[in-house]
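Shared between the two complexes below is chain A, which pairs with chain B and chain C, respectively.
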Partner chain A sequence: MFGLISPLLRSTVTKQWTKVLNPAQGPIPSGFLSSLGTIPSRLQSSESKTGLITERNYRFPPSGFVPSREAWVESLETIEDKKVGLVPLHPEVFAEFPRIDVIHTNIKWQTLYKHVDYSFARTRAEMPGGGRKPWPQKKSGRARHGSIRSPLWKGGGKAKGPRGPKTYFYLFHADMRSKGLKAVLSAKLAQDDIHIVDSFESLPSEDPKFLDALTAKRNWGLSVLFVDDTDFMPKNIALACHRRPGFTLMPVYGLNCYSMLKHETLVLTLAALNKIEERILTFDRRLKIRDFRDNTRPPVKKI
Partner chain B sequence: MSGPKSTDLALQLLRKLPRIGIGNLKPLPQFKSKPYGRGPRNTGIDGGRNYPEQQKKGSQPPMGFEGGSSPYYTRHPVQWYYRDHHLKRQYPPLSMFSLQRSIDIGLIDASSPIDLVTLCNTQIYKIDPTQRHFGVNLTEDGLQIFKAKVNIEVQWTTEAVIAAVERNGGTITCAYFDPYSLAAMTDVKRFFEKGIPIPRRTLPPENCLEFYSDPKSRGYLADPAEVSRARVELAQKLGYQLPDLTKDPQYEMLTRRKDPRQVFYDLEPGWIVNLQDEVVLKPADEEVRQYYRS
Partner chain C sequence: MDLLFRTAQSRSRVSPAFGLLRRHYWPVVEEKKPVNPEHTYIPVVESAEDFKYVQKLLPPIVAPPVPVQSLMNYPTPSGWIPAAPANSNAPYFVGRSRIHGLPVYMEVEKPSYTKKFTKIKKVQGDIWQFEKDLIDWLRPHSFDALVATQVSEVNREVRIKGDYMEHVKQFLLERGF
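Now for the complex of A and B:
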């Protein structure tokens, strides 16, 4: 079992594993260790409602050459960290190279595409007046001027000033967006900032203090991004995060690099995890028109 | 270790580093823009950038000017290697390998006649009539693996390709299309949306009339009787058994040909296809019909 766990997670996993293995620490869910074979009867408990989650149905199975990452499945039922499973994570999403530059270009795009520069300055032509020569060209002893709205004058027009509104919108390559998501997910998993929970339904209280205590106990930091596969959130977590700065609820279709980096911790439900992997891998393995194209094209015949 | 070594090392390294956030990202160094303006390293008139010298110093004599004597490039006679190069017809190639692959993966339906419209609709083959592309040149690459039985209409090809198609029981024709017809064929939807009549295909120009009326190149203007004789001759020359077309269940499809003035199958020149109302408008005026007649 330990051989399967990636070296990144090994230290934390070992700690939690011993904790759960000891039946004196708390009730053990039935179905626990089902992947290992027979279940010792002393580990089975009739109190638990759900079995241990250990398997996932991949729509795009991993190649097998790169072992899967693994993550604990936690529950929001109690303030203490309670594990309800251990799931594999797709290596093509969660073990990609953490390209900082790709993340940077994504963040830059997300900042710029919505930015509109409204700054505007009038030129000398757009200002009122200034058509009359202020004083004769010669014999006054003063500098020669033709208009009081010249850019040299105080209160004159602006030469080469900002001509807003100017949009900074541009389209960013979909491939790079996909790469950015994978890079952020891999980096955050490597830094132990991704947590998988079974569901947000399991949060027992709508009191924000309960969620505060839970995040403080589990060292989830000051800002947490909760991601579910649907945009109809359960009542308890919706009320707990309401008016609580730093805690954000987000559906999978809103997932983006900026929000993931803005929050310290990313909390995914199992359904969200499945959907994120499916969306990214569907995109990556789509049939591109260049796959059909014949690259070994001889030169064009001229007749 | 899991994954490529570099990936794993990078992820291991990230565990010891501060959390990645919006504030500590950096682009690759080559994408940083060069600073412009005044500073300790940016001195002089150009601020570290190029300043056109000619603009600064005024105009110079033209390149090659030798002070009044006959310049070098006009002293010797010209050899026109590329004379009328821009006027020559171009036939962008399509290999038999690509054709077979397109049929295998279902991009092309071999049970109906294949022409340039079919090829362009796959979007893996494109021609641009404005660049003097005059259609497809079916090349010999992948000739050995070609197994499909097709009725294909190309614009240029070779004897080996003709033999490979006919050995499998298929037929091939070399047909000329003028640029206006090609513009309609390469993007059919765009052409129909214009609402103009389907053009009447012109006859080939003088310098390729021979090719398109030669039975050996399966020209579309050749006599059909001579073409069938040439089919047998080619089979005897290269030593393969020519399948009998008349006993083929797909005889109708394999022997289907366009009129020399026709651009699309089933549509005649002069007709207008209205995509919005899904109707075809045919000319009623006798004078117009006479103009579009073959």
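Now for the complex of A and C:
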């Protein structure tokens, strides 16, 4: 049953991620997506791709001993690798120590929190029968027994067996999750597995063969994770990745260690890169003030 | 055991009487009909401009940046000194904490609370050279001219056995960190 359900679930999820923005369908109702307001700026940035991109406006500029890393900005316009710019990457996100233990704890959490153990065994009390003493206590020459459902018996109940559906859900520390993202991003960049593109709008064809040729030419491997700022994608890349195992589209808020390790290559847009860095750097600098409103409780109404 | 059993029995006996004293855990909502329904519905205007007054009450997410113009005389009354704009030519660097303080912390071991450790975080660059310089700085201040240290190269931390908080802070400020 679960084998039947899971592909259906997966298809709904991918559908949600790959919502096609089609102006022919009419105006999108307001409040449909909270990130809708970011479309015009993104379109403008994708249109103005003359000249090299070399500068970043950081809210938290890098300070310290570690120099910032650099990455080429590519374009999806042609099959051949066409460089559009050179972008510096923040060293606190992309030059961290690739902590294998932190990555492992993240992966363990991601596999465990959705795991439910359904194994179950009945005790002697839950099995039918067994109330009668099978034979008298004495004078039969046999071992003394009080119930045929005793755990000593074959076909008897299970003593201290697995009990019912058991959840392995737990919340992982947010600090460790941030550390895990930084560790995986740094490791991926060091392995030359992160590619930054100007925008997904620049993909000219919706034919999956074009994307196949592009990934083969650029040596991106068999599985690619495309991450964008928003949770709806341009039409061409949505159709090119539709029902293609290994090619996944993902918004920034879905970025996680497991998916990044599962896919060979991580492709980020410039908007996604900005958002990831801003989110992680702000999170690492956030003030750990305990809000006084957390302690207040609504007054209990006496009836 | 016997006492527990008896209490359980007595509670079960009394249970019908408990029904009278049962608490209502959900509020009983009485449907009140308004006297004049025309006057009850007051028109409400949603104003996005007034949200700035709410934002004043919200706590800040990150600490504000270090003021350059307003605070020129250091140290401040609290004793805080900012990092020097241009650091020394040392092959290492020590960052500041998220509230622009020195990343020097004290660890006290439980349960005796007698073992004390001084920890320096956020050490970048050549951490081994940093440890050597730190030991040279602390040696005259230690009891027997021996400073026991631990270096975690992965976590970028140095730990010293003993309470050297003030001496380490002096060391860092002198280097401009």
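Following the convention adopted for this analysis, the second predicted complex is superposed on the first by the 237 of 303 C-alpha atoms of A that agree within 3 Å, B and C clash if a C-alpha of one lies under 4 Å from a C-alpha of the other, contacts with A are read in each partner's own complex, and residues count from 1 in each chain.
Operating definition for what follows: contacts are C-beta pairs under 8 Å (C-beta built on N, C-alpha and C of every residue); 3 or more make two chains touch, one makes a residue touch a chain.
Note that the coordinates shown come from a computational prediction; the quantities given were computed from them, not determined experimentally.
Undergrad: Touching A:Gly64, do we find chain B (first), chain C (second), both, or neither?
TA: second
Undergrad: Contacts for A:Phe97 in the overlay, against chain B (first) and chain C (second): which applies, first, second, both or neither?
TA: both
Undergrad: Based on the superposed arrangement, let me know which partner A:Lys114 touches: chain B (first), chain C (second), both, or neither?
TA: The answer is neither, since A:Lys114 touches no partner chain.
Undergrad: Go through the superposed model and pick first if A:Arg286 touches only chain B, second if only chain C, both, or neither.
TA: The answer is second: A:Arg286 touches chain C but not chain B.
Undergrad: A:Thr105 contacts which: chain B (first), chain C (second), both, neither?
TA: The answer is first: A:Thr105 touches chain B but not chain C.
Undergrad: Looking at the overlay, does A:Arg163 come into contact with chain B only (first), chain C only (second), both, or neither?
TA: After superposition on chain A, A:Arg163 lies in contact with neither partner.
Undergrad: Under the stated touch criterion, which partner chain does A:Arg144 make contact with: chain B (first), chain C (second), both, or neither?
TA: Neither partner.
Undergrad: Does chain A have more residues touched by chain B or by chain C?
TA: More residues of chain A are touched by B.
Undergrad: Which partner does A:His242 reach: the first (chain B), the second (chain C), both, or neither?
TA: Neither partner.
Undergrad: Could you pull out which residues of chain A sit against chain B in one structure and against chain C in the other?
TA: The answer is residues 66, 97, 289, 301, 303 of chain A.
Undergrad: Chain A touches which residues of chain B in the complex?
TA: Listed in rising order, the residues of chain B that touch chain A are 1-4, 6-8, 10-12, 14-15, 19-22, 25-28, 31, 85, 88-95, 97-98, 101-102, 105, 107, 122-124, 137, 139, 141, 156, 208.
Undergrad: Quick check on the complex: what are the chain C residues that touch chain A?
TA: 23-24, 27-28, 59-63, 92-93, 95, 98-99, 124-125, 154, 156
Undergrad: Which of the residues in chain A come into contact with chain C in the complex?
TA: 63-66, 97, 99, 282, 284-287, 289, 291, 301, 303
Undergrad: Applying the document's contact rule, which stretches of chain A touch chain B when the two form their complex?
TA: For chain A paired with chain B, touching residues are 6-8, 66-67, 69, 91, 95-98, 100-101, 103-105, 107-108, 184, 186-188, 190-193, 258, 261-262, 264, 289, 292-294, 296-303.
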